[in-house]
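Multiple structures follow.
Shared between the two complexes below is chain A, which pairs with chain B and chain C, respectively.
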Partner chain A sequence: MGEILEGLKAAFLLLVTLDSDLVEITLRSLQVTLSALVISSLIALPFGAWLAIRRFRHRRLAIAVLNALMGIPPVVVGLFVYLLLSRSGPFGVLGLLYTPSAMIIAQVIIITPLIASIAHQSLRELWAEYHDLLISLNTTRHQRIKTLVWDGRRALLTASLAGFGRAIGEVGAIMIVGGNIDHATRVLTTAIALETSKGDFSLALGLGFVLIGLAISVNVAIHWLTRTEREGRW
Partner chain B sequence: MVNSILPLELQEVVVSKRGRRIVGPVTYTLAGAGTTIVIGPNGSGKTTLLRMMHGLERTSEGRLSWAQAFKEASQRQSFVFQSPIIMRRSVLDNLAYPLTLAGKSRKEANEAAARWAAKVGLGSRLQQSASRLSGGEKQKLALARALIREPEVLFLDEPCANLDGKATRVIEGVLQDAKSNGTRLVMSTHDMGQARRLADDVIFMLGGQIHECAPVQDFFNSPATPETEQFLRGDIVE
Partner chain C sequence: MKHLVLSAVFSICSAVPILAEDLRLAVTTSFHNSGLADVLLPEIAKDTGLNVQLLVVGTGQAIHLGEAGDVDAILVHSQKAEEAFVDGGFGRHRREIMYNDFVFIGPVEDPAGVGNAESAAESLSSIKANQALFVSRGDESGTHKKERALWQLAGFDLEQFGDWYRAVGAGMGATLNAAAGMGAYAMSDRASWLNFGNKEGLALLFSGDPLLFNQYAYLPVNPERHSHVNAEGAQKLEEWLVSEEAEALIDGYQINGEQLFTFNATR
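For the complex of A and B:
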């Protein structure tokens, strides 16, 4: 018990003094996850919109594949990316293993299906609402996607935030492809895992608070966005 | 107007849903100017007929052709739905939307939007989110949005079905203006008073068919069939 209290005290100290390790690790986490988020969103949001307005025979299959991809354990994604990037793998020459880029790749693979799936669901509702109007106005497919993405932007932001929440808290895949190297690929989750196993709870707890803070902010934002969407304030 | 998209010719056109014929075969020519009012009992196919003419329903048999190529024709007609489809945008952006689609500049689109908002009494609500308008205001917005490209043909499916007298009067006024500016109107209604006020000619739908189609005076004064007579008397016709 005393140890935990000591740890908490030290953790608060690290937070309020903006400890350099803590800041560095936090910034790297944000850098990796935000990069992954931007890439994933650029792929997943238009794809979700496209999927929502398409009326092709295999749409169900595509959605099933999306859901299956969402269900792959991140650790397995890590293993897969590791094999691709390891020196003997097909992309070994790029020398990306144990770099932030490798972690971004893994996170992109983990959250793209999630974002696409949520985006698809909400845009499908919007499409059902707009369908007759957009057909009547003789819109091109490109205009339809643009309109859905713009008018569904809050729902899409919600989808992206869900992806962010998933990516920032991910540890298994990041550990495998990043290697948790100090000053290079150490991020919030891997640092917490390491410090905990070393028994240094103060840094682990400090980082934990940062992570919790991020997660809560994301959820508050999602909650707020969903409410404004429902109440028709845009 | 140069190269009118009218006449619209329907030849033995059928619309089927899940293997069941719900409208047709219909042979009809929409030409000339003025207002055609479509009446008939519930489920007689008024909505489906209008949607089919506008290209929202796939035809399963027959031929539907405008005087211009399909793409040209679709750009010069619009549709007002029974329950208005309101975009999750401001009143201004709802109105400007069809113009920005057509490649008009933002400035031009906004000016036209403001002008049309004023015409339907929404001039002071431009920045408001359109989903917060009342039912009548939404329908006025939908009407203005449908007219903003100055279509040659405007289809309306019971646009006043859920509205009070005041909103209905505004909408009828806007429709009369559109008609005198040369827009061909095709509108369904179950309000016989409205039919008499607006119609130049009448289509009477029954069981998915055009049962009778006549100039408004003839239709109301000398109905051609017993079913029409019954319907006008207010009897139940099926």
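For the complex of A and C:
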């Protein structure tokens, strides 16, 4: 119990003094995760919509695989990306290993199936409603995807936020491909792992509270900006 | 509003790192947990202009990173593995920098009586005889290799150990955390132990056997093998590490009045 209070105290002290290291790793956490989120959403949301309206032979198998990939273990993704980006690997010449770019790549791989799967689930129901209308208007497939994505934007926001939640708290993959280098690739989660390994539980817990606070603020900010959950604006 | 958010996102995405001569150095967890890096790195940056990026891993992984060419140099402590690294053509040479020593940590009550042992081998024998819990690094690090070598020297076969021998597969700090949680014995380097924050219920029980000597060496990665490595920077760092200034900083580094490392590089 004492350590939890110490952790709260540490978090408070870090915040009120605007500790420069804390600001740096928090901004890097945001930079990596938001970049990964933007890229993933650009891939996954249209893909989810496409999967909802398109009928093809192995559709059920594709959906089953996509759903299974939601639970892909981050540490395996990390290892995989490490082997690809290592100097001895196929993309070694790019020199991306141990940079924020490598961490973004790993997170995109982790969260894209999650966002696509949730997007597909919610758009499938919307498609059932819109099906007759859109077919009778003789819309192109491109127009149908656009309509679904726009009208289903609330549900898609939830899909993206789920992706954000998974990415911001992820440590296994970015530890391997980022290396937790001070002033280069250290983010909140890897810093927490490091402080725990040093036995400095109060600082680790303090960083943990900052991370939770960050996740809540980002979610609230996005909801506020997109004006969801307001009267008359469903 | 939307444009504002978008532009904010893009400005975050396109943030460019500060340009300085970067050098990637893989170091062992035991070196990093000692806190010496925090003393040395700012001085290195000031004197040589090198921005040393530390990758904190076990010796096994550090050597693997050097072989793959993912780092410019390594600073580790496992002589046999280091010599194999140089013989394999992965490293240019091996340069001894400094040493510290290993110690046996265990519960304050010391049920196995390790505190009364005369030698490292005797401490290990009494832990085994009492079937007292022992936490091993189990991660192919320098400390893990040393620990296995000590068990062998004491005449035991690790394969036949029972449940009391627990390999956690983690770094030094995490292993000490596990030992604290289980009330178990563990072997640690002195620096990590002194710098460790969660000592509750644990105590340093045995040290001083010459067998527990722990030599750190610096090995630059061979540029003939990996042309992209920063060989010039690695050379600069090596010159700094064996300088008189480094000697004063390493020998002068203390925690609670105890000297942690002893400089022993030959110039």
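Just so we're on the same page, the second predicted complex is superposed on the first by the 204 of 234 C-alpha atoms of A that agree within 3 Å, B and C clash if a C-alpha of one lies under 4 Å from a C-alpha of the other, contacts with A are read in each partner's own complex, and residues count from 1 in each chain.
Keep this in mind: a residue touches a chain if its C-beta (ideal position, glycine included) is under 8 Å from a C-beta of that chain, and two chains touch if they have at least 3 such contacts.
It should be emphasised that the depicted structure is a prediction, and the values quoted were computed from it without experimental measurement.
J.: Would you check which partner chain A:121 touches, where first means chain B only, second means chain C only, and both and neither mean what they say?
T.: In the superposition, A:121 touches no partner, neither chain B nor chain C.
J.: A:130 contacts which: chain B (first), chain C (second), both, neither?
T.: In the superposed model, A:130 contacts chain B only, not chain C.
J.: I'd like to know which partner A:196 touches here: chain B for first, chain C for second, both or neither.
T.: Only chain C is touched by A:196; chain B is not.
J.: Is A:97 touching the first partner chain B, the second partner chain C, both, or neither of them?
T.: So A:97 only meets chain C here.
J.: Once the structures are superposed on A, label A:138 by its partner contacts, choosing first (chain B), second (chain C), both or neither.
T.: A:138 contacts chain B only, not chain C.
J.: Just to be sure I read the superposition right, which of the two partners does A:181 touch: chain B = first, chain C = second, or both, or neither?
T.: After superposition on chain A, A:181 lies in contact with chain C alone.
J.: Please indicate which partner A:34 is in contact with in the superposed arrangement: first for chain B, second for chain C, both, or neither.
T.: In the superposed model, A:34 contacts chain C only, not chain B.
J.: Give me the intersection of chain A's contacts with chain B and its contacts with chain C, in residue numbers.
T.: Touching chain B and chain C on chain A: no residues.
J.: For the complex, give me every residue of chain B touching chain A.
T.: Contacts found on chain B: 54-56, 71, 74-75, 78-79, 81, 85, 87-89, 97-98, 101, 129, 131-132.
J.: So in the complex, which bits of chain A are touching chain B?
T.: Listed in rising order, the residues are 126, 129-130, 132-133, 135-139, 143, 147, 151-152, 232-234.
J.: Touching chain A in the complex: which residues of chain C?
T.: The contact residues of chain C facing chain A are 1-2, 5, 9, 12-13, 15, 17, 22, 24, 29, 33, 51, 53-56, 67-70, 170-174, 176-177, 180, 195-199, 226, 228.
J.: Spell out the residues on chain A that touch chain C in their complex, using ranges where they run on.
T.: 27, 30-31, 34-35, 38, 86-89, 92, 95, 97-99, 179-184, 194, 196-201, 225
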